[in-house]
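The following pair of complexes shares a single chain, chain A, combined with chain B in the former and chain C in the latter.
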Partner chain A sequence: MADPRNTRQGDPLPDAPGEEARSVPYLVLKALASLWLTVVLLALCIVLVFVGSLAQIHMDIQTTQKTFFYTWLVLTPSFPIPFPGGFTLGTLLLINLLAAHVMRFSFRPERIGLLLTHLGLIVLLVGGLLTALFQVESNLTLNVGETRNYTESPTEYELAIAWPSKKKGLDHVVAIPQWMVENRDPISYPGLPFTLHIDRWYENSTLLGPMQANGLKPQATEGIGAKLVVERELPGGATDPTNMPSAVVRVRTLEGKNLGSWLLTSFIPSPQEVQVDGKPYYLTLRHRRFYKPFSIKLLTFIHKQYHGVDIPKRFESRVQLIDPARGIDRPQRIYMNHPLRYDGETFYQASFANNNRTSILLVVRNPSWLMPYIGSSIIALGLAIHFVISLARFARRSRA
Partner chain B sequence: MGGLVLLAACSREPIRTYLAPSQRPSANPLAELFGQPQDAPASADQAPLKFTSPLPAGWTSDPTPHPMRLATVDIKNGTQQAQITITAFPGDVGGVLANINRWRGQMELPPVTSQEQQPLGKITLAGHPALLLDLAGAPAAGQPARRMIVAFGMINGQTYFIKLLGPDGLVGAQKKDFIAYVQGLKLAEVTHG
Partner chain C sequence: MTSALPAPDSPRDTPPRLARWLPLAALALALAAAVFWFWPRPGNSGAYDLGTFRALPVLYEGRIMPYESVARTALLTLRGRQSISLDGHSVDPMAWLLDTLARPDIGQTYPVFRIDDPDVRSLLDPRDDKQVYFSFNEILAHREQLGQQITQAQARPDSERNLYQKHLVDLDSQIATFVGLAQLATAYPLPPDAQHPQWQSVEDLAAAHKKAGAAPGPAFTLFGSIIMGWNEQNPQKFNRSVQGFAQLLAQTQPQAVEHARIEAALVRAEPFIFAMEVYVAVFLIVCISWLVKGPWARGLLTAAFALAILALLVHTTALGVRMYLQGRPPVTNLYASAIFVGWGSVVLALILEAIYRNGVGAQIAGVIGFLSLIVAHHLASGDTMEAVRAVLDSNFWLSTHVVTITIGYASTFLAGFLGILYIVRRLIPGSLDEETGQSIARMIYGIVCFAMLFSFVGTILGGIWADQSWGRFWGWDVKENGALMIVLWNAIILHARWGKMIRQRGLAVLAVGGNIITAWAWFGVNMLGVGLHSYGFMQKALWWLGVFVASQLVIMGLGLIEMAPAEPVKEPTGPDEPRGRLADAGGG
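Take a look at the complex of A and B:
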C-alpha cells in the first residue's frame, strides 16, 4: 500500500498549478494514487470479508467465494446495492499501489526496504488474482487396489457421450460441460448421428421409486429412469454443499426421429446405452473429469486414531505413481503436510470413506502457486532491510 | 495483464473430445443406487445390509427378485401372512414427514402436518441411528386390522427402509423379533465402484 509519509514529507506531488498538473491524465493518475482511495478500498475489503464470512452460514465455501470474492460485482440480497467484488477491489488496490509508485517514485538507497515491501505486495495481489482465475481443484477418489488416470471436479458435472473407437478398450468421448446442459439448447456434435434435447434439468434432485412416487409418472421413457421419478431439491447449502443433478434427455436422430427420453442422473454413474442406426452410444451425467497422462494406484490406506477416541491421529495413502511416457513407476506416500507434487499438480490427502478402503485426494493445479512464497519472501526481505536501515539511522542519531 | 484477466473471466469451458478407457453400462444400474457391486443381483445375501443371524422360526427369505427391492422375507402363522421388505434409496426420499404421511396413507390414516405429531421410536440400524414407526390401521369390512412397523434411517447418503406389514395380531406378535432382526443387520463388505 502507499506509504502515508509520502504525501506529507516524502516526494511531494507536484500540486503547483501548471500545464502538467492540470492535464486530465495527470489528474486521473493523481486520483488513482490517492491515499484516500487506499483507505476507502481497504474499508470496502473489510466490509466484503465480513459479509462474505457471515454468508457462509447459508452458503458453502465455494458458492461464497464465487459470489463475493471471485467476482467483479456482488449481486446478492446481502447487499442492498451492487457492491464491488474481490476482483474489483484487488485490481483497484493494485492500480492504486502502482499509481502511487509512478507518482512518487524516486529511488534513494534508504528506501529500498519499503520499495521491496511494496513489490512483494504487488506480487501477492497479482498472485491472488491469478490463483482465483486459473487454479483448478478436483478430487481423486480411489479404492484400495484401484488405478485411475483422471480426477473429478467436486462441483461441476458434464454430460458424456461415448462410443467404441477402433482402438480396443478405448472409447471416443464427447464431454458436454454443465453450463451447456443448463442452457437446454439442443446439443449436437460433428459425427454424432443424433441431437440431444434437454427436456428437464435439475441442479439438485432426489429420486423416488414406484412406492415413493405416490402416483407421479416417471419423466423418462427409456432405460432405468423409466422406473424412477426425479424431484427438484433446493441447491446445496452450507452444511451439505453437494448437489446431485439430474437431466431428462431426449434423443432425436438427424432425420428427426424421436428415440425416447432417458433420465441421466448423478445418482447413477454407470452409462446408459442408446442404440442409434444400430450402433451403441453411452450417455452419462457425471462429475467433470480431468484426464492425466499418468495414473495413480492406491496401494494401501492407513487410518490411525488416538487411543480410546474416534479422533484421527494420522491418515495416509500409499500410492503407485505410473507415468510410462517418462519411465516413472514408483511408490509414493501422501499424508498430512506431505502432498505429492507431480506434473504441475499437488495431491493432498483430504479425506477417506468406505470403512477406510477409499481414499480421497484433493488435486490442485495452480500455475501461480509459487507467487505467494515469492511475494512473502520479498516482503520479509524488504521489512528486514528497512528495519536494519532504521536501526542504523537511530544508532547514528543516538550517537550524535 | 488486463486482457489476460478479462479473457480468463469471460471464457467458458468448451466441449472436449478425447479417447478414454471404455466404460460400459452396469448389468444392474439399480445396484449402484444401493451401493452394491455392479453385477450383483439384488438378493438378500448380497444386499448392502446383510443377515448376520438365522431368520426366526416361521420366517422365510423370498428369493424372487422384485424391482426396487433389496430383500423380501415372508412370515406365516397358520392362515395369516405378513411380509418384510427392504428397500433403499439415495438421499432422504422426500424427508421423514413425507414418508410418514405416505405410510399413513397406506394404512388409511389421515396425514399429520409435522413430524412431532407422529410418535417415533429410536433404533440402531447397522450402527447408525434410525427411527421406528408403528402404525395400526382401522379394521376394514371383513378384513382384520392391518399393522405396519417400519425402521428407516440414512446410511452413507442412502435411506434404508425395513418394513413389516401384515395383520395386526401377527405383526404385533413378531414385533420383538423384527426389532432384533433390524438391529442384527450389518453393512455388507462391498467396495463401492
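Take a look at the complex of A and C:
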C-alpha cells in the first residue's frame, strides 16, 4: 500500500510533515492506518472464520451466524475467551482502510489497481453489513395445486387468534409476534372478549404422550394439550437444530373468569377452538407469516434422478404467478440455479417433501443484493489490473 | 523459454560431450518408458475375448461406462483398490466381474469385502488378526449374527451411531453393492430400443417380457449367452456372443460404444500413475543436480525440465480425455479437483522454470505433481466420473467458479511449496546462494499475488452462484469460509510484505502456512462430516490431514531458526519495488 520510496524500514507511514502533525489525533490516526493493524485484524478474521466453521459441527447455520459473524462480541461456551465478532472486525477493517487512504492517499497510475481493490472492499463490507441488517428469509411451502399469498419465517413464530367474519369464507385474524409472547405480558385486542395470559413459554420443546409422561402432569387443562406433557429442550439442540416452541396459554374473559389453559405448540399446526360467550375463537402457534400482494400456485413439482441410481438430477417447481393488481397471471419455472425474481423478492427451489407432492421454496428479500456484485466486480478488476501491472514490471526487469 | 538468469557458474569452456547429451538421453529414456507403458496391453485372457467385452458400454452408477470401469469401480467401492487376487494369484478385474455375474460358486469366494473395524471383523471369525478382506461366502456363513447387528445399528439415528455401528452400516451398503451387481440388478447392460427409451437391466426386461408374453429381443439373448458362455467356460460360445453383442451395440449405440472404448483404454493405461513416476524422477534429478557442478548440473536441469514437460503432457492428455468423456469442466468432484490442482500447480511451476531456468520450478513441479496425483489416487473411492448432482448441474458455474477457486488452491500450494524449498535449502549448507534465495522469494511473491487474484475471484463467483441457487450471496458455510480463509491469508502475506514486517524468510514461512489453510479449505469440510458418507475413509483422510498440518508447522518452525550466514544481508527486494536491485542480477 505504502510507496516504498518514501517510507522508513518497518514503518509504512510517511514521516510527519511538521511539528503540529505529531499531535495526539495524528498519532491515533497513524495507529488506525497502520499496516500492522491490518495484518492483526486479518489474522483475527481467520481465527473467527475458522472457529465459526468448527462450530457448525454442533450448531445450525443461523445460530452460527448470530454467534460469530453478525455480532459485536463472541460470547459462547465453546470459545474460551470473549472474541471480537464479525461486526467488530468488519468495522475496524473499514476504519483501518479509510484511515490508511486518508493518510497516504496519492494518486499514481500504477496504484490504480490497489485503489480499486480497496474501494470495492469498502462496498463489499458495507453491503455485508446492510445484508446482515435488512435481509429477510422465509419459506414458501406449497402442495401441488395449492395457492398461497404468504411466506413463512423458518425460525420465528406467532400466536394467531382467528374468528369468523361476516363475509363468508373470510376470517378475522390477529397475529401476536413471538417477542410479545416471550415477554409473557397479558394479551388483549380491541373487540376480543378475552385476554390471553402466557403461563409458560418454551423456546424449544418436545411433547410426551400419555404413555411416555411417566406420571408427569399435563400443563394445560383444555383441548388436545390436556393429554400431553411438554418438556423443555435446549434451544438449537444437537440432533435437530430447528427449535420447536410451545406455550401454555390461559384464557380469561374480560370479567376475569378463568376459562382454562390451552397448549399451543409448533408440533400441532391445526387451530384449537376456544368458546367465549358462545362464539368460537381459534388459537394456533404458527410460523410467522409475511403476506404478499400476489399469490403463487404450485402446478407441478418435478424431481428427476439419474437412471438406475438415486443421485438427483433435477428439481423443478412449475408455478402460476398471480398478481391481479398488476394484471399478471403467468406460468413460471423455478429450478436449480434459476430462481424467480419478483417484487423485490427472490424465490429459489430449496427443498421438497411428502413424496414429491410438496415443494419448498426459499424466499429472500435483500434490498442490498446488488452490492456484493458491484463491490466484487470492482475488486476483481482492481486485482486484475494490479496483477497485470506487476507482471509487466516483472517482465520489463527480466528483459533488462 | 528464454533464460533470464545465467545458469549457475556458467563457464565459457565447452562442456564435456557426455553432459551435453545428458538431457537428450534422459528424454529418450523417458519416451521409451512412455511407449512401453502406453503400448496397448493384451486385453484377452486365455481363449476368451475379454478385450472386446471390457470395452463394451453398460449403464452403471447413473452413467454409461465400459465393463472395465464397472469392475474397477465396484472393486474400489468394496475393497478400496482396483485389483484383486485369489489364492495368491492376481486376477484380471474383468474375470472377477464375470465370475461374480456368471459363476457364483467361484465369484463368492473372492475376498472382495474390506473390513477395517476389528470389532466388525470379529463377527466373521477371521482366520487371524491380519485378515482384512472377506469373501461373500464368509459373510453368508455369518449372516444371522451380522444381520442382527446391522439391524440394531440401523435402528439408531445416523448422528448417534458409534464407530462400530457406522462401520456396520457401511458394510451393509458394501453387501448391497455386491449383491446388486452379482444379481445384475444395479447394472443396465441392455441398450434402449423402440419400446424402452432407457437402458434396461436384465431383470426389468425379463419381467416386462414375461408380462407381455413376448419373446425377448436379440440384445437380451446375446447378453444371456455371454453369461452362459462364461458360466459353462465355453470360449467359443462366449466369444461368439460377445462379438454379436458388440456388433449390435455398435449399430444401435455408436456414441456409447465410442465413449466406452476410450474410457476403457484410459482406465487401463493408468496415465496418472505414469505421470506420477516421471514427476518423482524430475524431483530426484534436480536434487542430484545440487551435488554436481557446472555443465553437469545444467544438463541435469535441462533433463528435469524436459521430463517435467513430458509428465505434464501425459497429465494434460488424461485430464482432457476425462473432460471429453464427461462433457464437463475439469472439476466435478474431490478426485478431479486433486488432478486439477496438481495440473494447475505444475503449469505455473513450469512457467517459473521457463523464466528462471534454475531448477526451482521443475523441482516444485515434480513434488506437487507427484503429491497431488497420489492424493487423487487415494481419494478415488468409487466412480471418479460419477454423475453430477442436481445442485452442481451447471457447466457455467462449474467451469467458472470451481475452476477459478481450484486454480486459487493450486497457486497457494505452489507458493507454499516454494516456501518449503526455500526453508529446506537454507538449512542445507551451501545449497541456497543469495541469488537463488532472492529468485525463490520473488517467485513466492508473484505466485501469492496470482493466488490472491484467483482465490478472490473464485470465492466471489461462488458467492454469485450461491446467490443464484440459494438466494444468499454469503452464508458463512464451511466451504465458503475455507475459501475466505485462503483470501485472508494471502492478504496477510501481501500486507505484511508491503509493510516490511517480513522479508524473504518471513515470506517463505507465511507461504508455508498457506498450505495448511488451503488443505483445510479443500478437505476440512468433508472432515466435518458434511457430504461424504464413507466414515472409515474420512477418518484415514483426517489422520493424513493431521500429519500434513504437523509437517507444515515443523517446516515453519525450521524457517524461524536463525541461520546468520545464510540470511542475505542485503535489503530484500521484490517485483513490487520500482527500482529493484535484482535487475542487476539479470543480464544473460
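Observations
Quick note on the criterion: the second predicted complex is superposed on the first by the 331 of 400 C-alpha atoms of A that agree within 3 Å, B and C clash if a C-alpha of one lies under 4 Å from a C-alpha of the other, contacts with A are read in each partner's own complex, and residues count from 1 in each chain.
Please note the rule applied: a residue touches a chain if its C-beta (ideal position, glycine included) is under 8 Å from a C-beta of that chain, and two chains touch if they have at least 3 such contacts.
From a predicted model like this one, the values you see are computed outputs, not experimental measurements.
Using the contact criterion defined above for the overlaid structures, shared-chain residue A:Ser53 touches chain C, although it does not reach chain B.
When the two structures are aligned on the shared chain, A:Ile322 is found in touch with neither chain B nor chain C. When both complexes are overlaid on chain A, the residue A:Phe267 reaches chain B alone and has no touch with chain C.
Of the two partner chains, neither chain B nor chain C is touched by A:Leu32.
Chain A has more of its residues touched by C than by the other of chain B and chain C.
Contacts of A:Ala380 after superposition on the shared chain: chain C is touched, whereas chain B is not. Contacts of A:Val364 after superposition on the shared chain: chain C is touched, whereas chain B is not.
Judged by the touch definition given at the top, the superposed model places A:Gln135 against chain C, while chain B stays out of reach. In the superposition on chain A, A:Ile311 contacts chain C only, with no contact to chain B. In the three-chain superposition model, chain A touches chain B and chain C at no common residue.
Those residues of chain C that touch chain A in the shared complex are 4, 59-63, 157, 159-160, 186, 188, 198-199, 201, 355, 386-387, 389-391, 393-394, 397, 442, 446, 449-450, 452-453, 456-457, 460, 463-465, 467-478, 481-482, 484-485, 488-489, 491-492, 495-496, 498-501, 517, 520, 524, 528-530, 571, 575-578, 580, 582-583, 586-587. Within the complex, the chain B residues that touch chain A are 1, 5, 8-9, 12-26, 29-30, 32-33, 38, 67-68, 87, 89-94, 99, 102, 105, 156, 187, 191-193. By the touch rule above, chain A contacts chain B in their complex via residues 72, 87, 91, 126, 129, 133-134, 143, 149-150, 162, 164-165, 167, 169-177, 179-180, 189, 206-212, 214, 224, 227, 231, 233, 244, 267-273, 282, 284, 289, 291, 353-355, 357-358.
Contact residues of chain A toward chain C in the complex are 1-2, 4-5, 7, 9-12, 34-36, 38-39, 42-43, 45-46, 49-50, 52-54, 56-57, 61, 64-65, 68-69, 128, 131, 135, 137, 238-239, 305-309, 311-315, 336-339, 346, 348, 350, 362-364, 366, 369, 372-373, 376, 379-380, 383-384, 386-387, 390-391, 393-394, 397-400.
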